[in-house]
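Multiple structures are listed underneath, in structure tokens.
One chain, chain A, appears in both complexes that follow, with chain B as partner in the first and chain C in the second.
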Partner chain A sequence: MADLKKFLVRRLITFIPTLIGATFLVFLVAVVVPADPARLWAGGEKADPRVVELLRKEYHLDEPIWVQYYYFMVNLITNRMVSPVTHENVWSTILERLPVTLQLALFSFTLVVAVGVPLGIIAALKRDTIVDYLIRAFAAIGMSMPIFWFAYILIFVFYTNLGWTTLAGNPTPAKTITGLPILDAILLGDWRTVCQIVERFWLPSLVLAWPSIGFVARLVRNSFLDAMSADFVEYIIARGLPKTTLYKHVLRNALVPVVTVLGLIFGGLLAGAPITETIFALPGIGMLMIQSIQNYDYLTLIGGVFFIGLIYLTINLVVDILYAIIDPRIRY
Partner chain B sequence: METLRDKVYEKNILDRLADMLVDGIASVIEKFRPGWRARNEAKLDEYRLMLYTLNRSPPGLIGLMLIIGFVFTAVFGPLIAPLSYDTPLVFCNYEKAYLAAPGTTIVVPQDCNSCSTVEECLELGIPPGKYTLVFGADDYGRDLYSRLLYGARTSFIVTVLTMAVGPLIGILLGLVAGYYGGIVDEIIMRITDIFLAFPGLILAIAFSAVLPYRISDILQENVVLRDFLLWLFAVKPEHAPSLAYLVSVVIALWIVWWPGYARLVRGAVLSAREATFVEAARALGVPVRRILFKHILPQPTVSGPLIAYLTTDMGTVILVEAGLSFLGVGAVPPLADWGRMIYDGARYFPNAWWLVFYPGLAIFLTTLGFYLFGDTLRDILDPKTRRRIRFKVKRGVAV
Partner chain C sequence: MTGRDPIIVVRDLHVYFYTHAGIVRAVDGISFTVYRGETFCLVGETGCGKSVTAKALARIVPPPGKIVKGEIIFYPEPGKPIDVTKLGEKELERIRGRLIAYVFQDPSAALDPLYTVGYQLAETVKHHGIVKSFKEGFQLAAKLFRKVLMPDADERVKAYPHELSGGMKQRSVIAISLSTEPKLLIADEPTTALDVTVQAQVMDVLKRLKEEKNLTLILITHNMGLVAEMCDRVAVMYAGKIVEEAPVDELFKQPLHPYTKMLLQAVPDPSRRVERLESIPGSVPNPLNLPPGCRFHPRCPHALKRCREEEPPEVYVSPSHRVVCWLYAGGRRG
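The block that comes next holds the complex of A and B.
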């Protein structure tokens, strides 16, 4: 266990510099590259020079880059950063958008686990049969399908023809308890809102989850087969133990790598939804970032990237720690 | 390995083709370097076995065919396209060409409302002829089939340029980090972690959104580079300003594409470093560069997963590039780009379904090809799975 403790301490120590480095990287991208953000914010070529000057002062654009970075981070964390384009607090805007993104990610993650893992296990158990081939083909097709294309086909089938979903609005229950609409609605017993939320979110979630379902199915299949080739399997068979015991042991071994990947997938779902959110007009963080690019609103863009980076890094950290705990064989 | 060359094993027609291919290449090399063949007979057998494995994997063959089709389209597509990517047939006949359904036929200049003679039509940029719009046309009356062919070129060049540099950075850093270890490893892997801390798509969006400002300046100054890129992307000179967006995507992808490779290669090098032959090489005083590139990198445990990953990643680059264009960063109209075509066509969906369906199908099939082939390559390049294939024994012949 000494190794584990040492590993945890080391992992925590490296977490903070990584986070700072990551924010600095994005900060550099967004501020250095465009020619003159203050002029853009003030209204382009014909901007009033006094306004430009004022904006430069306010956002410390005339100071060295590390000073800008310092002010940027301090203002962002203390929620004093105001976007020059929308005149709203950057951090509040992001937090406002979080429930939609979180809800979408949760729905998608449920789909990935509920569909991907069983499919992988079935494929492994029926190895080299038609079932296995079909599941593998499904996985390959899912991973190589452009989701924005797939989304339009699904919209055509389920919205235009069948009318099983809605494409506008963001249903929320009357009262806020946790901030997450679906959870609030269930807690309030407001089943109509629950139905509305499910109706609105099932299709985008499916689209977002689609590539990951195939990926997880393939991963579960391969790691299950890897576990099946271990020596203990032969021992269990030789002992004549029932198949259920065998599968219990195999599954426990097979799921170790899967758990790590599932953690990363959740991070990816939470972060990587700009395409899905744009198509389905869901006002989440991904859509916010696309909008801020279009509006030259770099501060919101960096804020969003910072927020996603924070979540992603935290999930990475948790997954690493979990991995070290579930698999005692791992030594660092 | 003797058995492979024996006649008792049944080989199908593809196996015989594979034999011919390997023998042909070997005899060409033999011409330039006499004695090469005798020295490398074992290697050649291994290559034959790889091809036999491929022949026994239908997904791999399908993938290979899709890839060949894609590369062929990308290279020759712009040459065989009946119309240019920006020929606006609506100027010729609005009623017929505007969102023309697949299969519509337009004859220039007979069907033309705005030009009656050949010269007038040419002036409008519409060469006379009979055009069957196999896949329909978009809101400018641009032939979707031609645009798909040009789009293959865009996609292919972006992918090749991306994969030529991004992974290289990652491989070099991974080799150095894995071989030296210690503080070098720590620094490189921390930087890698910083890049991995972001979902690639988000970072690529951010970079592609801000880079065009700089790139267009560079392209304006550097005429030779610009002309070369125009030729590479098969873009008309008047659309040169749009190149900056494509180049930005490539550079954005370079920036986000290396960390995965750094991690993969580092991991493989870490285990290869401890091998006795590496220790021996070091003891003999072989320079580090040589150890890395001649002893460690060609190891099946290092190069096998790497090549498979590279192939699969080609598909991912195509998918991500299309995704970026779909989000509005990346290729701009009138350039033909599959992702952008879906974005522009989505406005007319589902009435003009072909504008969304066909470009998506093109992206899908191309990516699928790389995924299937990459997956099979992993099995082929792994000496263990390669040896697992069983040959049928020819009937009536004792072994």
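The block that comes next holds the complex of A and C.
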């Protein structure tokens, strides 16, 4: 456990430079674009010069990049950063959008695990049969299918023709407990809202999960086969242990690489899905970032980047800890 | 040698691998008998089919390998034969581990890296009904680890394989394999993967436990020194066939088959302090494409015309010494 503490401290120390690096890069890109942000924010051509001047002062736009960046970060972390475009606190905007993104990520992740992992295991058990070939083909197609095209086909089938999904609104139960609508609805026993949420989210989640399902299926298949061909399998059979014991050992060994990838996939899903959220009009963090880019609201954009970086690093940390729990060979 | 009470009788065993490249005739018609209580050795160069033969005995040959022909009669008790080739999967599970146990070459690979060695012993004895719970299994593990002279046995039970040295891993494998009190132990090059210094210690443990538990041991090895030290009878394999079988003293004193002679020459004689290893010229034939006639003829210094064309006969030069070679076909003695 002392090892774990040291490990956490070490990881926290690398956290900060990583976050600074990521946000600074985006900041740099935003700032070098030859535009006058203060004028844009103040209303473009007809902007009141006094307001422009005020904005320049407020956001230190006349000072060197790193000074701008410094003030920006300090304001962001102390929660005093207000977007000049939306006039809202950046953190509040992000946190407001979080439930949608989190919900989408949870649904997608459930699909990835519930479909990808079993498909991979079936493919491995039925290796080199028609079932295996079909699953592998499905995985390859899933991974290479462009999401926007695929999404519109599905919308056409399930919304336009079948009406099995809704494409607008963001259903929430009457009361908030945790802030996550689906969880609150379940806690309140509000099954109507649960149904509405599922109806609204299943299709975008499927679209978002699709490439990862194929990827995970392929990974699980290969690592399962690797584990099956390990020498300890032969020794388990030689000891006369039953199939259930054999598969228990094989599965746990096969899961070691899968857990890492699943963790990264979850991080990726949480990091927002700009395309999916935009197509399905889901007001999540991905959509927020697209809107910020369109409005030249780079302060909100970088707030988003900072938030995503934070999530990504945290999930990485959790994955590393999980990894050490499954695999005793891993040392902190 | 103990009585003439056979524990396993193999007759005309054929094990083929059906690969994309063709049929690999890894074991191609071998017969031998192992008697209760003895140590029987299988020797031969790499790839000659020793491991496949060993795995066939409890039917653990991996696919695409198949026993295509032959009988394996196993006598768990004297006079109670079981034909292993005719058993179903459930009956095999009862024989494996419980009656016929294995120790493989590489203990690092044989153990699951994600479970403690004690757990792997406990799950084995629990499954075979030797103990009732995992807790008792762990207690038994500690006891057996002391038996294989594992240092700090009580602590090592809780160790993961990667926390143990090669020798300690092989000791735990031996403890696991013997935990079910099998009748027949098949040790496939049990010390090859270990440091020279630990090899002797591990072999000592095996030898002592064999005596103590009145086990029958089938030992597969490249090491002629080990053969001389451990074995009662030896079978020499070449390209999927047994070419000679004899009691160990006789084989060393009077090897008949040219291949056996070469094998023995290839070993530095410890009494003469020869440093040079006379390796055998040529190499084992490709099992996909075996030469006609005697499989050894391309490398044999005494090859006759007939060796290239006809399979050699099995000649018993004495009731316990047989050789498969044209040189002895006329009842002539080497």
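Odds and ends about this structure:
Assume the second predicted complex is superposed on the first by the 315 of 332 C-alpha atoms of A that agree within 3 Å, B and C clash if a C-alpha of one lies under 4 Å from a C-alpha of the other, contacts with A are read in each partner's own complex, and residues count from 1 in each chain.
Criterion: contacts are C-beta pairs under 8 Å (C-beta built on N, C-alpha and C of every residue); 3 or more make two chains touch, one makes a residue touch a chain.
Predicted model only: the values in this text are computed from it and were never measured.
By the touch criterion defined above, A:176 lies against neither chain B nor chain C after alignment on the C-alpha atoms of chain A. Once chain A of one complex is fitted onto chain A of the other, the partner contacts of A:145 are limited to chain B, with no touch recorded for chain C. In the superposition on chain A, A:79 contacts neither chain B nor chain C.
By the document's definition of touching, of the two partners only chain B reaches A:19; chain C does not.
In the superposition on chain A, A:316 makes contact with chain B only, not with chain C.
Shared-chain residue A:268: touches chain B; no touch with chain C. Which of chain B and chain C touches more residues of chain A: that partner is B.
In the overlay built on the shared chain, the residue A:239 is in contact with chain C alone; chain B does not reach it. Looking at the shared chain after the overlay, A:230 reaches chain C, while chain B stays out of its contact range.
Counting contacts by the rule stated earlier, no residue of chain A appears in both its interface with chain B and its interface with chain C. The touching residues of chain A, counted against chain B in their complex, run 14, 17-19, 21-22, 25-26, 29-30, 33-35, 136-137, 140-141, 143-150, 152-153, 155-156, 160, 267-268, 271-272, 274-275, 278, 286, 289-290, 293-294, 298, 301, 305, 308-309, 312-313, 316.
By the touch criterion stated above, chain C contacts chain A in their complex at residues 58, 60, 62, 92-98, 101-102, 104, 106, 109-115, 123-124, 127-128, 160, 162, 173, 176-177, 180. Chain A makes touch with chain C in their complex at residues 230-232, 234-242, 245, 249, 252-253, 256, 326-329. Interface residues of chain B facing chain A in the complex, by the touch rule stated above, are 59, 190-191, 193-195, 197-199, 201-203, 205-207, 209-211, 213-214, 315, 319, 322-323, 326-329, 339, 342-343, 346, 349-350, 353, 356-357, 359-361, 363-364, 367-368, 370-372, 375.
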